[in-house]
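In the two assemblies presented below, chain A is common to both, partnered first by chain B and then by chain C.
Now for the complex of A and B:
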């Protein structure tokens, strides 16, 4: 750890910093021009700058990459870079998919809309790359406050206002629980630096910390705080209402961004910060039980939904359950195999969910409706959107040979390898995957087999078509080049363990 | 049990703080609850003084007991039609909430009482604000902990916090603004 701030450390911060500056630029540009297309183009093409900085860090373009900066609060490991790229993809997908919809349904200026998304993305990127509890908390707030604003964006819609107020109240409560957990952890270990926490926990003279109840309470509280963000049962109640009430592009952003950022921080705290490896600390049992309830409840209730956004909310709860199975596998023996499964799953989930929501946004944009029965005959009314969305839903359901299937297989395999403790969870996960096929295929069946009441072609905005095309290309590329993804993600997963 | 002035002061303040906190939650009149909150903030400032953190105590009084409570009272005044009895209604599940709170509180108190703290023994890079408070007292130390580029400081989260405030302002304007026709 360097003892003072140097100019190289700003290179480490440059991806996040340039996203924030892009947010300022877009906000300011709005004053000068009223052309929506120009502002949107600047926001989307401007993402090239942070992407360039992230690539320069990944390839050590300007010399060796600093391992940490700002007194260990910013980390330059592969894990940080993985999430930087992932959130840049999220920003790109969300902004591109929402162009037509934002113009038609949201009475806000584009500068405000895109800058809020960009600030949130900067927060998400920081959540993956900080190694200190206070910074993680502030980054979480930078992520969440724009999400509350986005939930209430359709100001003429009372459901949107309801979603926003619910999200603010529950978000504030979960943040408070998270902070309480952080305070208890600080009380035991005497530091907020995750590297130092790991050192305290693993050092021999602190064997006293094994089974330390206060540390356990701190870890549980932090898990609960993040449990809200990743919508794990029983902290999931907000998700369906808020997914339904918020404008559809914002729902897309919640379902991919908030979840991935929550998992990024959980893995950072529990694996890098060593909280999962305290002996005599059976956190993995709690995580396994929560995983079991989360995936079962999410998938079973998704069967009953009539609104596509509510269905996707419960589907995303189910997906969070699969991710928690991976987390339990990581925690039981502190192995990198589970992390590998989790990161791969997240990468595939982000790309497929952007595609699936592009379909929902396309339909909502063209018809203003968002019930599952409105998808009747979409295969004839808009073949490309229906095809792309079908492909994404099949990947989410985990139908082989798609990337969604392989990443899920990796998670279950990692859990299976941990021995008899998690076998029941894997079996339950497989049962859940079977349930999930029903509701995903139901939408497919309606799109391709049911005769629509109206047969007119839908006019889908070009930006939604483009998002769909890019997601389809992304899914096919991930499926074909799954091995390449695994090698890159493998180094990221291992980098969580190397500093110890 | 060793009794000195500081521990007597602590217990007095602690009892006032817990009592006022209960009043905030249990008062049926929302204005009374807001007024009890001032006592909570003031008692917390007292705890900070006992911990040798005078600057934090003064800031607590200025910002929380002063500005924040005024803001809350204004918000109540502008949104509530009646400020009388039962303006702060209970949920029907209050007994369940109380039960969970008691269990959780008891659990935490038990955990804190039966745990070893590594504070002070850890090779922590963080100096507590109270340490080394010779010349200038804790204010200098706090300033260094917030901004110093030359020694361990929380300058990164501090700067991120400024972006958080900006986003909050942008959002408030966006949601609160009058509709342009």
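Now for the complex of A and C:
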């Protein structure tokens, strides 16, 4: 760690910095032009700049990449690069999918909408790449405040306003609990730097800390705070209402962005920061129990839903449960295999969820409806959207040989290897996967087997069709080249442990 | 010196619980927001108390960190409160109420 700010450190920050600048550019462009297409094109094509900077960091284009910057607040490891690329994909998918919908249903200038998304993405990228509690909190708020605004973006819709107020009140409460956990951790360890916290916790002369209740409370409060962001039961109750009330592209953003960012920060704090091993290394029991309740409740209640967005909300709660199974496995022995499973699952989840929501956005755009029964006969009314969405839903359900199946297999295998402590959790996870197939296949059956009341062809906007095509290509590529993904993600997973 | 660290920590914990109770039990959206602000201020008390206890301890703990953390929390809480108040005004215009018990178009 150097005690000076140099130009290389700004290179390390350049992806996030250029996303923020792009947000300001798009916001300013509103003053000059009224053409929606131009503003959208600038926002989407402008993502090439942060992508270039991330690639330059990944390939060490301008010399060796600094390992950390800004007094250890910013880390330049493979793990942060993985999340930079992941969130750039999220930004691209969300902005492309929302073009037609935003024009039709959100009566605001486009620059406002895209700049809010870009600011949030900058916060998400920072959540993966910071190594310090204060910065993690700032990044979390930079992510969350734009998300609250996005939930209430549809100003003519009362449900959207209701979703926004629920989200902002519960989100603020969860970050207050998170902050109390951070304050207690700071008090016990005397530092907010995660690397130093890990050193304090693991050093032998601080063995007295192993039973420290204040540190345990700090770790649990932090987990609760992030539990809200990843919608883990019992902190999930915001998710269905906000998913239903928010504009559909914003729902897509919540389901992929917020969840991945929450897991990025959890893994950073509990694995890199060593907080998983506080108090005799029994925190994994709590995570395992939460994982069991989360996936069971999410998958069972998803069966009962009639609104597709509520169904996807409970489905995403179930997916968070699978991810927590992987987290519990990691917390027992700090294995890189579990982190590998988690990162792979997140990458596949982002691509498939973008595809599934592209189908929902397409239907909502063309008909204004979003109930599961409105998908009747979509296979005839809009074959390509129905095919792509079906493929994504099958991957989410974990039907072999798709990428969704293989990434879930990796998580369960990592948990299975931890021995008898987690065997019950793996069995429960497999049972849940079987339940999940029912509600995913129900949508498929309606799309392809049920005769629709109306037989007219739907006019799906080109941007949604393009999003669907890209995510179908993405899923097929991930399925075929799953080994390539594993090699690249493997270095990211290992980098979380190398600094110790 | 006078007051010990424990006294401040207990104060912080009690204020945090008061805020949490207020945020969970009130039905008026503005009151909930006030409860959350009380929770954040309890965090600030805790942070500053820890920071001042590090002043006379081992030099490797930078006592400024906790104070800087508190300043950041105050700043970000202001931004969050402004967004929350804007949302409350938006819902009041549409529904003529800010009682969260009556804001129930969707199953809560």
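In the analysis below, the second predicted complex is superposed on the first by the 498 of 500 C-alpha atoms of A that agree within 3 Å, B and C clash if a C-alpha of one lies under 4 Å from a C-alpha of the other, contacts with A are read in each partner's own complex, and residues count from 1 in each chain.
The definition used in the following text is that contacts are C-beta pairs under 8 Å (C-beta built on N, C-alpha and C of every residue); 3 or more make two chains touch, one makes a residue touch a chain.
If you're wondering where the values come from, they're calculated on a predicted model, not measured in any experiment.
Have a look at where A:115 lands relative to chain B and chain C in the superposition and call it first, second, both or neither.
first
Please indicate which partner A:141 is in contact with in the superposed arrangement: first for chain B, second for chain C, both, or neither.
It touches chain B and chain C both.
Mind working out whether A:212 is in touch with chain B, chain C, both or neither, as first, second, both or neither?
first
Please work out whether A:149 is in contact with chain B alone, chain C alone, both, or neither, and reply first, second, both or neither.
both
Go through the superposed model and pick first if A:241 touches only chain B, second if only chain C, both, or neither.
Second partner only, chain C.
Figure out whether A:5 sits in contact with chain B (first) or chain C (second), or with both, or with neither.
After superposition on chain A, A:5 lies in contact with chain B alone.
With the two complexes superposed on chain A, say which partner A:187 touches: chain B (first), chain C (second), both, or neither.
Touch partners of A:187: chain B and chain C.
In the overlay, answer first, second, both or neither for which of chain B and chain C A:285 touches.
Neither partner.
Once the two structures are superposed, pull the chain A residues common to the chain B and chain C interfaces.
134, 137-138, 141, 145, 148-149, 152, 155, 164, 184, 187, 190-192
Any idea which chain A residues touch chain C in the complex?
133-134, 137-138, 141, 145, 148-149, 152, 155, 158-159, 161-166, 168-169, 172-173, 175-177, 179-180, 182-184, 186-187, 190-192, 237, 240-241, 244-245
Can you tell me which positions in chain A touch chain B when the two form their complex?
1, 3-5, 13, 20, 27, 70-74, 107-108, 112, 115-116, 119-120, 122-123, 126, 130, 132, 134-135, 137-139, 141-142, 145-146, 148-149, 152-153, 155-156, 164, 184, 187-193, 196, 199-200, 205-206, 208-209, 212-217
Which bits of chain B are touching chain A when the two form their complex?
Against chain A, chain B makes touches at 107-108, 110-112, 114-126, 149-157, 160-161, 163-164, 166-168, 170-171, 174-175, 179.
For a test of understanding, state which residues of chain C touch chain A in their complex under the given definition.
9, 12, 16, 19-20, 23, 29, 32-33, 36, 39-40, 42-43, 46-47, 50, 54, 57-58, 60-62, 65-66, 68-69, 72-73, 76, 79-81, 83-84, 87-88, 90-91, 94-95, 100, 103, 105-108
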